[in-house]
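Attaching a single structure in C-alpha cells format; questions to follow.
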Amino acid sequence: MPIINFFIYLLTMVGIYGLLAMSLNFQVGFAGLINFGQVAFFCIGAYTSSLLATKVGIPLPFCFAGGMALSGLFGYLMSIPTRSLKSDYWAIATLATAEVIRLIALNEGWLTGGPFGVMTIPQPFQFLFSRDSYPLFYLVLVLICVLLIYFALSLLSDSPFGRDVKTIRDDEELCLSLGKNTRQIKLQAMVVAGMVGGLAGALFAHYITFISPENFRPIETFLMWAMIIVGGRGNHAGAILGAVIIELFNVSTRFIGEYVSLSPDVMASLRMLIIGLLIILFISYRPEGLIKEKKKVYYLKRRDGE
Amino acid sequence: MLKIKDLQKNFGSLRALDRVSLEVEGDSIFGLIGPNGSGKTTLFNVVSGFYEKDGGEILFKGERVDGLTPDGIARKGLCRTFQIAKAPEKLTVLENMMLAAKEQHGENPFSALFTRRRTARVERENLDRAMELLEVLQLVDLKNEYAGDLSGGQKKLLSLGRVFMLQPDMILLDEPTAGVNPTLTMQLMKAIKELQQREHKSVFIIEHSMKVISSICDKVYVLNFGKKMAEGTPAEIQKNEKVLEAYLGGA
Amino acid sequence: MEFSQIIVNSLIRGSELSLLAIGLTMVFDILKFSNFAHADYAVLGAFLAYTFNQVFGINLLIAIVLAALFTGLFGIAIDRILFKRLRVIGANPVSLMIISMGIEIALRNMLRLIWTSEIKTYAIAIRKPFEILGARITPLQIKIVLVGFLSMVAFHILLHKTKFGKSLRAISDNRVLASACAIDSEKMITWMWFLACAYGVIGGTMIAMEHVLYPRLGFDILIPVFCATILGGIGNPYGAMVGALILAFAENIVLALDLSWLINLGGFFNVHSIQISTGYKPAISFVMLIIILLWKPTGILRKK
C-alpha cells in the first residue's frame, strides 16, 4: 500500500513540476526570455490561491483563478523591462525579484503568515472522497491540467502567435522590420507563462495543504531549469520529459538515503551536485536537450493535395 | 511618397548623414548609390526607425514618421530588407513567408486559442499568396527547407519575397544583389521589376552595380561622405564627372 | 545608531565586497558573461583558508595566500575545461551564464559535502573595539579595511604600471585589435581568472572572518556583489569599489531609517517609529540591483 501512495505522490509532483517546466520552456525555449525567477510564479500562485481560500473563503475555482490571474499579472510586470535590458541583465533582475517576493512572504506575517506560512488549506472536492482515495483523485486532477495545458500551449506555439514568438527568439530585428510589436508579443508570452506557473502553484498549495516561504527558494527555479535543459527546449514534450527525469531523481534519492545510511544532509548535497553537473554537461554537449525542436511539417501534407 | 528633409545622423563627431534631402515617388524604382561608407545603409536605418535621427524630417505619404518605432513604421507601409539577408534558422522558407503576411489572424494568445477556424482560413489565404510569390522567385521547391540552409543568393530572394508579403506601399532594398552570382542577380532584377510593375509599389534600392541601377531604376541619388552629391536618371549619373571622380578617385 | 557607525560599517562591508566585485567585473567585461559562480569560488577559498589555518595550524596570512593560489588554479581549470571550448566556437554568452549557474549549484553543494553545513569560525580572539568619533571598530575590522584599501592600490599599480595591466586594458577595450597587436589573449584570460579568483578569496575570507563561514555564503553574497559590479559599471574596477561602498552604505542606512516622520508629515498621524524590519536586510541589495538595472544598467560611473 505505501508503495502505491508513494507513486501517486511522485506522479502528482511530476505533474505539477511538468506545468512549471512547460511554463519556463515557453519563456526560454520559445520566446528566448532567460527567466531566473520562475519560482516567483509558483510562489504567487500558491500564496494567492491559498490565502483567498483561507482568509477570504471564496469557492475554490475562484481561488485557483485568482492565483493564475495574479501570476499572469506578475508576468506582465516582468515583461516590461525586456525592451531595455539585455538577456543576462534581465535574468539577474528576475532572480532578484523572485527573492524579493519570497522575502515579502517571509516578513509580512499579517498577510502571509510569515515563516509559519499558510496552513490547513482546503482541498477541492474533499467531501466527495475518502481520505484514502483522495490522493488518486488529485493526481487525476493534476494530470488533466497537464494535458489541457499541453494542448493549449501546443496550439499557441503552432499558431501565428507562436511563429512570431519563435522568431523573436531567433531574430528580433527581423520581427520589427516585419511590423510586429515585439514588446507586446513578449508581454503576452510572459502572461501566458505566468498563468501556467500560477496554476502549478495553486495545485501545489491545495495538494500539500501547507505552504511556507521555504517551498519557494531559488533552488526551485534551478530545478526547473535543469528540467528544460535535460528534457529539451523549444518543445513541450521535452519539458514534461525533463520534469519526469529530474523529479524522479529528486524524489527517489530521498528514499535511497534510508537504505544507504547516508545522512539526509549528505544526500541533499549529492543530489544537487548531480543536478548542477547535469546542467553543465547538457549545455556543453547537448544544448538542445533530449527531445529536439521539430520543424513545422504540416505543409508537407498540403503538398500532396496540390 | 517618401520625403526626406535635411536629415542628420551623427556618430560622435562623424557626420554619417549631413543634411540629406531627397524624394522618392510612388510606383517607380529609385536608386541610391555611393562609395562605401557614404551613408547609404545609415539612411535606410534612420528612415526605417532602427537608428534615431539627430535632425531633419522624414515624411511618408504626407505624415511625419521620424521618431516612430521600427515596427510602427513598417506597419505604416514603409518596409525594408537588410544588407545581410536575415534567415532565422528554425523557420522554413514557407513559414518565413507566412510570418510576413500582412493580414494575419491569431497573432495573440486569445485569438490563437479561441478563434481557430478564422485563423485557419486566413492562414490558407496567406499560404496561397506566399506560394504565388515563391513561384515568381523560383523558390517553390525549397518551401519546407530551413531558411538557414539556403545559399546566400537564395536568402536574398527570400528577403524579397518576405517584404512583398507585407504588401507595403514602399520598399527599401538594401543591396539586394550583393554577394549574389550573376545568374541569380538577373533573376532578382527580373523579380523586382516584375513584382513592382504588378503591384505598383515604390522601390528604393541601395546598389553598387551600375548595371542593376541602369537597367531598372527610374532615377538615382548619389551619396558621398553623408551628403547628397548628385541626382538624375541613370544615364545622367553615369556621365556626371563628380560621380565618376568619387567612385574612381575617392573612397 | 550613530551616523559615524553607519559610515564605519559601510566602509568595512564595502571593502569586503569590492574585492569580489573587482573579479566579477573583469570576467563580465573581458569574457562578456555574468559568472554566477564567482562568489562561490571566493567561498571555496575561504573554506580552504579555514582548513589550512584551523585544521593544519598554518599561520592565517599564509593560509589565505595558499587558499588564493589554489582557488586561482581552480578557476583557471574550470575555464579551460568548461568555458574555453564554448568561447572558442563563439557560443552565445547566455550559454556560458547558464553553465556558470550549474557550476554555482555544483560547487556550493560540493562545499557542503566536504565541509558539511556546520557553521565554521576562524577562532579569532575577541578584542575590545576602538572608539572613533562615536563609532566602534574592532582591530580585525580595521585590518579588513586596510587590506581592502591596499589591495585596491595594488590592483591600480598592476593595471597601470605593468605591461600585464596594459595588455589587460587593451583586451578589455577591443579583443580583436589586441590580438592583432600580438597580445596572447588566451594567456591574458588565464591570468585574469587567477587574479579574479585570488582577489575574491581575500574578500570572501574577510567576510567569513568577520561573520561566520558556511557553504551557502556564496549564494548569499552573490546578489550584493552583482549589485556593486553593475552599479559601478561593467569593466570599471574603480567603479566596482565605489559601487561596493554605495551598496554597503545603502544596506546600513536603510535599516536605520525611521520612516515615521514621513507618515507624521501631514499631522494626521502620530506614529512613534516605523522602521524597515531587519528581515529585509538581504532584500536591500536585491532592490538596489533591480532599481539600477531599470534606471541605468550601464552603471553610474563611466567606464575608465
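Read from first to last, the chains carry the letters A, B and C; within each, the first residue is number 1.
Methods note: a contact is a pair of C-beta atoms (placed from the backbone, for glycine too) under 8 Å apart; a residue touches a chain by one contact, two chains touch by 3 or more.
Keep in mind that this is a model prediction, so the values were computed, not measured.
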Shortest chain-hopping distance from chain B out to chain C: 2
Task: Sort the other chains by how far their Cα centres are from that of chain B and give me the top one.
output: C
Query: At what distance in angstrom does the C-alpha mean of chain C lie from that of chain B?
result: 49
Query: Taking each chain's centre as its mean C-alpha position, how far apart are chain A and chain B in Å?
result: 42
Query: Taking each chain's centre as the mean of its CA atoms, how far is chain A from chain C in angstrom?
result: 32
- prompt: Which chain C residues reach two or more other chains?
  reply: none
- request: Would you tell me which residues of chain A are touching chain C in their complex?
  value: 34, 36, 81, 84-93, 95-97, 99-100, 103, 106-107, 218-219, 222, 225, 229, 265-266, 268-270, 272-273, 275-280, 283-284, 287
Statement: Seen from chain C, its contact residues with chain A in the complex are 33-34, 82, 85-86, 93-95, 97-99, 101-110, 112-113, 116-117, 219, 223, 226, 230, 277, 279-280, 282-283, 286-287, 289-290, 293-294, 297
Message: Considering only the defined contacts, which chain A positions touch chain B in the complex?
response: 152, 155-156, 159-164, 166-167, 170-171, 173-182, 184-185, 188, 191-192, 234, 293, 295-297, 299-300, 302-303
Message: Under the stated contact criterion, what part of chain B meets chain A in this complex?
response: 48, 50, 69-71, 74-75, 79-82, 86, 88-92, 94-95, 98-100, 104-109, 111-113, 116, 119, 123, 127, 143-144, 146, 162, 166
